[in-house]
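Presented sequentially are two complexes of chain A, the first with chain B as partner and the second with chain C.
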Partner chain A sequence: MELILVNIIDGLVTGLLLFMLSAGLTLIFSMMGVLNFAHASFYMLGAYFAYQISIALGFWMGLLIAPLIVGVLGAGVERYGLRRVHQYGHVPELIFTFGLALLIEELVQFIWGKNQMPYSIPEVLNFTAFSIAGNSIPAYKIFMIFISVAIFIGLLYILTRTRVGMIIQAALSYPRTVEALGHNVPLIFMGVFGVGTALAGVAGVIAGPVLGTFPGMAFVLGSIVFVTIVIGGLGSLWGALVASLLIGWITTFAKSYNLAMSDVFNAVGIATPENLSDHWLRDLWTVTSPQIADILPYILMVLILIFRPAGLFGKRHS
Partner chain B sequence: MKKFTKMCAVSALSLAIGASAAFAENIKIAFIDPLSGPFASTGTNGLHQFEFAADHMVNDQGGVLGGTEFEIVAFDNKISPKESLIQLQVAIDQGIRYIAQGNSSGVANALTEAINKHNRRNPDSRVLFLNYAAVDPALTNDKCNFWHFRFDANADIKMDALTDVMVADEDMKKVYIIGQDYSFGKAVAAAAVSNLSSKRSDVEIVGNELHPIGKVKDFTPYSRKIIASEADAVITGNWGADMVGLGKSLIESGYDGPIYTYYAAGSGITAALGESAKGRIRLISQGDINPIGSEEARVAYNAFTAKHPDGNIDQSRIFNVIGMLAQAIEGAGTADDVVAVANQLEGMEYDSMWGGKLFMRPQDHQIIQNMNVGVHTNENIEFDYDNSGFGVLTESTVEMASMDSPTTCEMKRP
Partner chain C sequence: MSDQLTTDPSKPAQRMRAGSMSLTLMPWIIAAIALILMPYIFTSNSALTIMNQMWITVIFALAYNMLLGQGGMLSFGHAVYAGVGGFACMHIMNMSDLFASFPLPVLPIFGGLFGIGLAMIVGAFSTRNAGTVFAMISLGVGELIAACSVIIVAFFGGEEGISGDRTYAMPFFGNEFLQQIDVYYLTSFWVILAAALMYLLSRTPVGRMANAVRDNPERAEFLGYSARWVRFYSFVASGFFAGIAGGLFAINYEILTEENLNTASSGVILLVTFLGGVGFFFGPIIGAIVFTLVQTVLSLQTELWAFYAGSLFVATVMFFPGGLAGLLMMHVPVFKLGNAKQLIQPYIKTLLPAAIGILGVCALVEMTFHFRHASIGDDEMTLFWTTFDSHTLLPWLIAGAVALIGIGIAKRNASELKEAWDAANTAGDAS
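And now, the complex of A and B:
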């Protein structure tokens, strides 16, 4: 019972972290129709910049400055890269972001090397907040939850309650009309791209100390972010939040319980075959939930695409 | 400057050849390991240690056979068995007689087979295989041959020594085994199960699981499960980012027992684990670094860090390879007849500067040496890893580990 509570908290942390990445990506995707393959690379840059800054100025300055740098870099990529490529259509844009992802990974290896960086939790937060049945919940995880929730509320407020947010939402759906009304749509695009990558940067800054700061960190998280926005529905902030939390909890629970497929079959009344080692479905019978935990989100995505192609909260119009 | 030296060397060499054909060339050792790609840092670090060991132990001491020097020739195999065979052929064509390799048992399996074949067919250009790190037990059992020498303890010997130390703790009742889902992870798990069950029947293995290699974002769910199983000790063969991720998350999640590992040091791992893992992570290795094995080793380590400020001597056995090879060549009186050199290496007893005696077991060419179990700490650490202040302090030693372990090797001698 206690373990369930612990897993709920762990899943929440994973989910909210995923949300910070997918929030920016889902806005960028719905705005430009481009899968930004380099999105997770900006997450990695956030972690590395913050590590470098934290050596000189401490963790908190890193948290403040690194996302800004990443955001400016992202805006620059949109202004001088994507916007130029945009005129040639979506495929060149896709290839551009893909190339960018590879480039950033190589650059990071070139500058910081291939080893994991000793980027660690600030001293103030390096204690156990509370523990449940021997499982301690580090204060840093609570801090991660607060940061992500604050960012979600802030984003929601800006997008739905402010003038800038209204214009962004309008530009997402009807860019030409908004342009005709005298708004600078390319600037809005650049701004959204910058803010989106900065959010990824924030995620990198706060995830770096717990999940590790190494050149493979973008690759590890890359594809799952796309799954999140497809499940949540493109362009929907609520969708991104719900999908992220769903994925966080599904994978956490699947990994922390050794639920074997044979148990599931037995529970629904199918008996385990006697000579299991020769059985043609042996692999299916012996598979356990931690082994398939990482593909569960993909299965969920396929199901969503079949039964609700617009995603959980998506409003598809074409 | 480099060009100039090269030119000098070339002209000197041509003069020398002109003057006397008997003037010996350098003894070349081909280093075939990954120098690009994801494992480049491991390979490059190994190469630096080889180059340094050759200079420090042989060339600066006046060489072997009255003045012949060792030369390390690097070949990049991108950790691919196929690529390694091509590089092996290139090395043989260049007249190189000594092949050193260590990263990946898959590569070592391919090389040992190819070298065995080559030596059978080409008695005039035979080569020796100096394996300094590939730990698959098969290499000195079913797949053993006369040309292969392993200078590292194999996976079974390591687990044997590690469990010897573990079972001494009477309070340890429950053990959790976790590893990466591939051949090495499985080998470690199998060795752990068989060793623990034969040495302490009262120890219960409460978990034995494999996770995808290099794909786990967050180890927290695994840690929760380990804590829920009430394990008193954890065994893992994880390396790289998987090691750091598992170690950090276990400690942060409130697990308070020891974590027994194979590779939780160097290459950034020590620095990343840092303060939080102090006194918690133990690992099995050979060679005394802290405390250092001898004054000679201290001088060598300091000279190494002066040359490579960011480097670690995390594979001190590389120095043993160079030292034993030099001794064997001196004993054989030739570097060209590798059968004579191999006969010298076989059964050789060697005093390592990293402490203890080494014995190259003649029946399977597996080195037998002291195995240390050390702890990750910053106290009494003279030589830290990753410039982090933290290093591995030897806690206990198994003398001449697995000296009498059985082998299935049936060696055919030329």
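And now, the complex of A and C:
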């Protein structure tokens, strides 16, 4: 029972982290109709910038400044890159962001090298918040949860309760009409792209010390983020939230409970074959849940796409 | 312009899109002769290895372009089909009884069949949509299968992959493919065959409908074609040829690992195809040749070759979405007008300084890299055949000046080039 609680907290941390990335990605998608492949690269840039700033000015300034730099970079990419490629159509746009992701990874390796950076949790937060039946929960995890929830509430407030949010929502659905009303829609697009990438930057800043700051970090999380928004339904913010939490919990639980496939089969009533080492399905029999934890999101995505192609909360086919 | 709607089939020039419908044999004969003669020009073993790698990439890139260029489907996980085909071939190689019953050149067909099988399974649900959804599914499935390679050890061999020996096949006219040169001719045979088949396929109604669905799926549906099935056929055919490329890879290297399946390989093939140009059939061929050369030659010179390749790729997407083939074909009208000579001088005046300027930028990049990452005390570096101290100011000033001046001159002459280009393209109308 206690372990379940610990896992729920762990899964929540992973899920909310995923959500910070997928929220920006799904906003950008519903706005421009293009998936930003480089989104996770901005997350990586956030972590690296924060590391560099934290050396000079400490963790908190990093948390403040790094997302701003990432946001400005993201807005620049939209203004000078994507807008230019937009005229060629959607596929070149996708390819452009893909190339950008490659380039950013190379660039990071170029500047900081291939090794992991010693970017660590600040001293203030390096203590145990509380413990559940002997399992200590570090304060940093609680801090991550608070930051993510605060950002989510702030985002929701801005999008639904303020004038700026109303204009953004209107621009998402009817860009032409909003433009005719005198708003600068390209500027709104650039702003949303900047904010989306800045959110990814925040995620990078707070995840960097825990998950490690290394050139492969974008790649590790990147494809999971795409899976998340496909499962949630492309363009749906609530879908992104639900799918992020779902993936966070599924992977955490699969990792902490060592469930073997042979036990499952035996429970259903299929006996283990006698000479397992020669059996052609031996890999299926010996597989355990921690082994497949990382591919569960992909399996979930394929299943969702077969049975509900629009995703959990998607409204219609794109 | 006349408002004539029907065309006279007896006049080839009036046939709809005459150039693209006509089948010419000449380029194929030239290509075949070139393939046969290549080993006599480049005799070293490493050259053979590079060429084998090149032809395999050519097949794979052409198969990929069946999706991207001809079908408008962007796949981020196409290495999976080549990889699975290759793994299947590897297993067949290891089944000594079966493998000894047929000659080695037949083996890639099995790779192709496994490619088809996997493509049929995945295509059943992924070809419902083109565009973003298709791209996402391809990425997800690609990641899934790549991740499975560590779990399903029986088929993928886990971390170390699986290896085999190609020489156990039935001797092919007494040849056991012991030497690199034998494998070269086997690969060359397949590259011609596969390329010709793919070319012919793109000229059949199936290939034509793939183009129609790419450009306007709605209209194709109104004409009575199911866009989904048209995509499915392209996808399956592409899976077949990707599997053949995988089989050839298995024959060449006699080992396959997780690396053949992962997203990085899928990304490379996208890069190759787009660099070459997706708009023309021969684009991916150029892309594969140029990329393999860049990869093998540049990676010997610099650690940063992936950085340069990435920059080149992004620049291509931003400025020349037609790729190298598009750039080449841009000049066809100029040649037809007989104005090519007018362009030589402006080209030299712009491109030469630009190239020098870019080399200057590269020098700055290399020096920065050396400055940051070389071990302490190691101040000397060699660049463009000169050895100097990267911690002094002078080389930085020189490189910076070269970069600035080169790009500055190129920028100033660019407008002249544009004028010359416009003039070369319009002069024909005036005469």
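By definition in this document, the second predicted complex is superposed on the first by the 316 of 318 C-alpha atoms of A that agree within 3 Å, B and C clash if a C-alpha of one lies under 4 Å from a C-alpha of the other, contacts with A are read in each partner's own complex, and residues count from 1 in each chain.
Everything below uses one rule, namely that contacts are C-beta pairs under 8 Å (C-beta built on N, C-alpha and C of every residue); 3 or more make two chains touch, one makes a residue touch a chain.
Worth saying up front: this structure is predicted, and the values here are computed from it rather than measured.
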item: A:L211 touches, of chain B and chain C: first, second, both or neither?; value: first
item: Which of chain B and chain C A:G58 touches, first, second, both or neither; value: neither
item: Which of chain B and chain C A:D294 touches, first, second, both or neither; value: both
item: First (chain B), second (chain C), both or neither touched by A:T251; value: first
item: Contacts of A:G113 with chain B and chain C, given as first, second, both or neither; value: both
item: Partner chain in contact with A:G154 - chain B first, chain C second, else both or neither; value: neither
item: Contact residues common to both interfaces of chain A (with chain B and with chain C); value: 113, 294
item: Residue ranges of chain A in contact with chain C within the complex; value: 29, 33-35, 81, 84-85, 88, 90-92, 94-96, 98-100, 102-103, 106-107, 109-111, 113, 219, 223, 226-227, 230, 234, 280, 282-283, 287, 291-292, 294-295, 298-299, 301-302, 305-306, 309, 317-318
item: Chain B-touching residues of chain A, taken from the complex the two chains share; value: 3, 6-7, 10, 13-14, 113-118, 120, 126, 128, 131, 134-136, 138, 210-212, 214, 216, 220-221, 224, 251-258, 290, 293-294
item: For the chain B and chain A complex, residues of the former touching the latter; value: 38, 40-41, 207, 209, 211-212, 214-218, 220-222, 224-225, 227-228, 240-241, 244-245, 248-249, 252-254, 267-269, 271-272, 274-276, 386, 388
item: Of chain C, residues touching chain A in the complex; value: 68, 72, 74, 76, 125-126, 128-129, 131-133, 135-137, 139-141, 143-144, 147-148, 151-155, 263, 267, 270-271, 274, 304, 306-307, 310-311, 313-314, 317-318, 321, 365, 368-369, 372-373
